[in-house]
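What follows is a pair of complexes built around chain A, which joins chain B in one and chain C in the other.
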Partner chain A sequence: MIAFGILAIVALIGGIGVIVARQPVHSALFLIVNIVALAIFYIILSAEFLAAAQVIVYAGAIMVLFLFVVTLLTAGKDDEEAGEELSGQRITAGVLAILAGGGLAVVGVLYPSQRIQLGLPQNFGNLRGMGDVLWGPDFVYLAAVALMLLTAAVGIMVLNRPPRKKADPEARLKERES
Partner chain B sequence: MAFALWPEYTIVLGIFATMLAIMIGSRERTIVGYWLALAALVASAIVTTVDWSSRVLPVSLFHQGVTVDAFSLVVDGLVLLAAVGALLIGWNDRRYGTDFPILLLVALLGMMVLGMANNFIVLFLGIELLSLPLYILAASHSPGVSGEAGLKYLLLGAFSSGILLFGLALLYGSSGTMVFTQLDPATMILPLAGAGLALTVVGLVFKLGIVPFHMWVPDVYEGSPMPVTTYMAFGTKVGAAAILLRFLFFGFSLSVDWWGPAIGYLAVLTMIVGNLLALAQKDLKRLLAYSGIANAGYVLVGIASHNMSGARALLFYLLVYGLAILAAFAILTFVAGERDSVSLNDLTGLVYRSPWLAAFLTIAMLSLAGIPLTGGFVGKFYLLQAAIYAGQPGLAIGLVVGAMVGLAAYVRPLQRAFAKPSGSESIEPIRWPIAGAIVLIVCVAGTIGLGVYPGPVVHIVNHSAAFYWLK
Partner chain C sequence: MIPLNWIVGLAAALFAIGAVGVLIRKNPLIMFMAAEMMWNAAALVFVAYARSFHAMSGQVMAFIIIGTAAAEVGIGLAIIVSVFHHRHRLDIDEVSQLRG
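So, the complex of A and B:
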C-alpha cells in the first residue's frame, strides 16, 4: 500500500508535469517519468512482461522518437501559447477534473474490488502466459488489432499525400496571400 | 471456423482485395477499388440475409465474446445500407482519393463488431475499429477545414475512448467478469460499479452524439467530405445505438433503475436541445448534424423505455432515419457540385432549377420531421408507443415537443427551395451522377414505402428484437 501511494504520487507528478511544463522537451521528459511509474505498477501487479514491454517500447522507442521530433521542430522557436477564447476555461476544467478524479479515488479506496484477489492463473504476466492467451483463445482480438494498425498505416499515406494540383481556388488564393 | 461470422469475413476479404487492387493497379484507375468494395458489400448483404432467414438460435463465439443473433444481423444490414449509400454518393470522386473505399470498409467492420459484441474487449475493439478510419476520412479532403474537423474528432474521440476504458476497468474490478451476460448486478460492489457504468455510458453516448456530449458533432460534420458525413450520420449512430442497447439490456437488465432514468433525461434533453439548435443553422450540413443529434435522442427513447417495443422501435427508427438522411445528403451532394458545403441560400429557387430534387428534398425533410405517409411518422409512432407502454409519459411528451420544434427546423430549407429566385443565384441545371441518383431514388421510395406499408419491415424488427427477458 505504501509502495502504491508513493508510485501513485510519482505518476501523478509526471502526468501533471506533462501538461504544465512550458517547454515541449520537459513535457516529454515528464511523460517518461509517468511511463516508468506505470511500469513499476505493472511489476507490483506481477505483470512482468507488460512492465518490460512498457519500458522498452514506450520509454525506449516511442519517447526517443518524440524527443527527436520535439527537438527538430521546436529548435529556436519561442514557446508563446495562444490566448484562450473563453476566459476561465482552464480553472473551471481543472476544478471539475479534480472533483471527478477525487470522487473516483474516494470510491476506489473505500470500496476496493475484491474479485481480483482470487489468485493468479498459471504463467500470469510472463511472456509465455501472454503468448498463450494472445495466440490461443484471444487470437481473434489480435487479428482485429492488426487490422487496426493496417488502417493506421493507410491513414498515414492518406494524410501525407501531396496536395492535388488542381486545388480549390480559395485555398490557392490564401497561399498566394501568405 | 465460425460460419455465423461470414458477413464479417466477407468484409475483411473485401478490405484486403481492395487494398491489393489499389496497390497493384495504376494510379489513374481508381474505380477498381470502388467496384471491389461494392462487390464485398453486396456479397456481405447476401450472406447476412441468408444467415438471418436461416438462423433459429443465437450463437455465442470466442468464449462468449460475440453473440450472433437476429438483432446483430439486422444491425449488420443497417450498417451495410449506410456503407453502400455513402460509397455510391462518393462514387469515384477524385476529391476523396483512392483510399476512401478501404477506410469505409474498415469502419463498417467496426460497426458490425459493435452489433454483436458481448464482452468489454470486443466492445472497445469495435469502437476503435469504427473510429480510426473515420478520423482519417474526416481529415482526408483538404488540409483546411477538413484537417480541423479530423483533429477535433481525433482528440475528443481519444478522450472519450479513455473515459470508456476507465469505466470498463471499474466495471471489471467490481464484477470480476468481462462478459455482458455474466454481469450480475446483485453481487457487484455498488459504488464502484455505479461509477464504472456511468463512465462507460458517457463514453458510448459521446459516439452517439447525445446532448451534453454533442459539441464535436456539427464541426466534424461540417468539415468532413459529404459522403463521410453521410456515413457518420447514419452508420456511426447505428453502431453506437446497437452497442448501447446490447450493453445495457444484456448486462444491466436486472437493474434498470441504475440507468433507466439517466438515459430518459438525456433523451428528452437531446430531443429538445438538438431540434432547437437546428432551428438557427444556416449551413445545411450543420442543420443535418443537429438533426442527427436530435434523432439520436429519439433513438435513446427506445433504450430508455426498456421493453421489447422499445428495442423494436429503435431498430425501425434507425432504418427510416437512415433512409431520410441518405436521401437528404444525396441531394446536398448534387446541389453542392464541385464545392463541399451548401447554405440555405444555395437552395433558393431549387424547385425552378430541378423540380424533382425539390420534391425529393421535401419527402426527406418531412420524413425527418415525422409527417404521416412517410417512414419518419411510423418510426416516431412506434417510439411513442414504446414510451407509453413503459409507463413513462415524460419521454412521450419530450418526443412530441422535440418533433414539433423539429418540424419548424425542417420546413426552413423547404421554404427556401420553393421560394421565387431573386436572380442572384446560379441557374445552371444540376447534374445527377448515376450512382447518387440510385441512392436517392431508392431511399425516397423506401421512405414512402415504409410510411404507407411498414408491415414486412415491422415483422423483421419484431422478430429480431425479441430478447426473451424483455416484456
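So, the complex of A and C:
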C-alpha cells in the first residue's frame, strides 16, 4: 500500500507537470516520469511484457520523436502562449474536466470490487504468455497493429513528401496569369 | 496486493489531468502529450482488470493501445510539423481556419 501511494504520487506529479510546464521540453521530461511510474505499475500487476514494451516504445521511441520535434520547432524561442479566442473557455473546461475526473475517481474507488483471485495461471503476462495469446487466438489484433503501423509509416511519407510544382495553387495561378 | 479500486481511481485521475491539459493548453505539442497520458490511463485500467480477472485479453488490449499510440504519434507529429512549416507558429488556433 505504501509502494502504491508513492508510485501514484509520482505518476500524478508527472501528469500535472506535463500540463503546467511552460516549455514543451519540460513537459516531455515530466511525461517520461509518468510513463516510467506506469511501467512499474505494470510490473506490480504482473504484466512484465507490457512493462518492457511501455518503456521501449513510450520512453524510448515516442519520447525521442517528441524531443526531436520539440527541438526542431521551438529551439531558442520563449513564446508566451497566445491569448484565448473564446473567453472563459479555459476555466470552464478545467472545472468541468476536474469535476468529471474527480467523479470518476470517487466512483472507481468506492465501487465494491470483486476480490482479486489469488494464484496466477502459468506464464501470465510474461513474454511466453503474451506470445501464446498474440500468435494464437488473438492473432487478428497483432495483424491489426502491424497493418496500422504500416499505414502510419506510409501516411507520414505522404505527409512529408516534397511539394510538387503543379500541385501548388499559387504557382498555377501565376502560370495562368502569364 | 494493491486494491483494484485504487488503481482505477488513479487511472481516472490521470485521464482527467490529460483531459484538462488538452482543453487548456494551446501548444499542440503539449496537447498531444496530454492525449498520450489519456491513452496511458486507459491502458492501466485494462492491465489492472486483466490481473483481477486472470484474463490475458486485457493485456492484449493494452498492447493494441501501445501500438496505436506509436502510430498516432508519428502521424500527429508529421501533421504538426507540416502546419508549422506553413504558419511558423505553434498555436492550435492557427488551424481553426480548417473549419468548414
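As a working rule, the second predicted complex is superposed on the first by the 154 of 178 C-alpha atoms of A that agree within 3 Å, B and C clash if a C-alpha of one lies under 4 Å from a C-alpha of the other, contacts with A are read in each partner's own complex, and residues count from 1 in each chain.
In this text, contacts are C-beta pairs under 8 Å (C-beta built on N, C-alpha and C of every residue); 3 or more make two chains touch, one makes a residue touch a chain.
Note that the structure is predicted; figures quoted are calculated from it, not measured.
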Practice task
Considering only the touch criterion stated at the top, classify A:Arg161 as touching first (chain B), second (chain C), both, or neither.
Solution key: first
Problem - More chain A residues in contact [chain B versus chain C] - result: C
Practice task
For A:Val140, decide between first (touching chain B), second (touching chain C), both and neither.
Solution key: first
Practice task
Report for A:Val64: first if it touches chain B alone, second if chain C alone, otherwise both or neither.
Solution key: neither
Practice task
For A:Ser46, decide between first (touching chain B), second (touching chain C), both and neither.
Solution key: second
Exercise for the section: Applying the touch criterion given at the start, work out whether A:Ile6 contacts chain B, chain C, both or neither, answering first, second, both or neither. Expected result: neither
Handout entry: Which of chain B and chain C A:Thr151 touches, first, second, both or neither
Key = both
Practice task
Please work out whether A:Leu127 is in contact with chain B alone, chain C alone, both, or neither, and reply first, second, both or neither.
Solution key: neither
Handout entry: Shared chain A surface residues [contacts with chain B and with chain C]
Key = 104, 107-108, 110-111, 113-114, 116, 138, 141, 144-145, 148, 151-152, 155, 159
Practice task
Spell out the part of chain B that touches chain A in their complex, as residue ranges.
Solution key: 12, 15, 19, 62-63, 65, 94, 97, 99, 102-103, 106, 109, 113, 121-122, 125, 128-129, 132-133, 135-136, 139-140, 142-144, 170, 173-176, 189-192, 195, 338-339
Exercise for the section: Would you pull the chain C residues touching chain A in the complex into a rising list? Expected result: 1-21, 23-27, 29-30, 32-34, 36-37, 40, 43-44, 47-48, 50-54, 56-57, 59-60, 62-64, 66-75, 77-82, 84, 89-91, 93, 96
Completion exercise
chain A residues touching chain C in their complex are 1, 4, 8, 11-12, 15-16, 18-19, 21, 24, 27-28, 31, 34-35, 38, 41-42, 44-47, 49-50, 53-54, 57-58, 61-62, 65-66, 69-70, 72-74, 79, 81-82, 84-85, 89-90, 93-94, 97-98, 100-102, 104-111, 113-114, 116-117, 120-121, 124-125, 129-130, 133-134, 138, 141, 144-145, 148-149, 151-153, 155-156, 159-160
Exercise for the section: Would you tell me which residues of chain A are touching chain B in their complex? Expected result: 103-104, 107-108, 110-111, 113-116, 118, 137-138, 140-141, 144-145, 147-148, 150-152, 154-155, 157-159, 161, 163-164, 167-168, 171
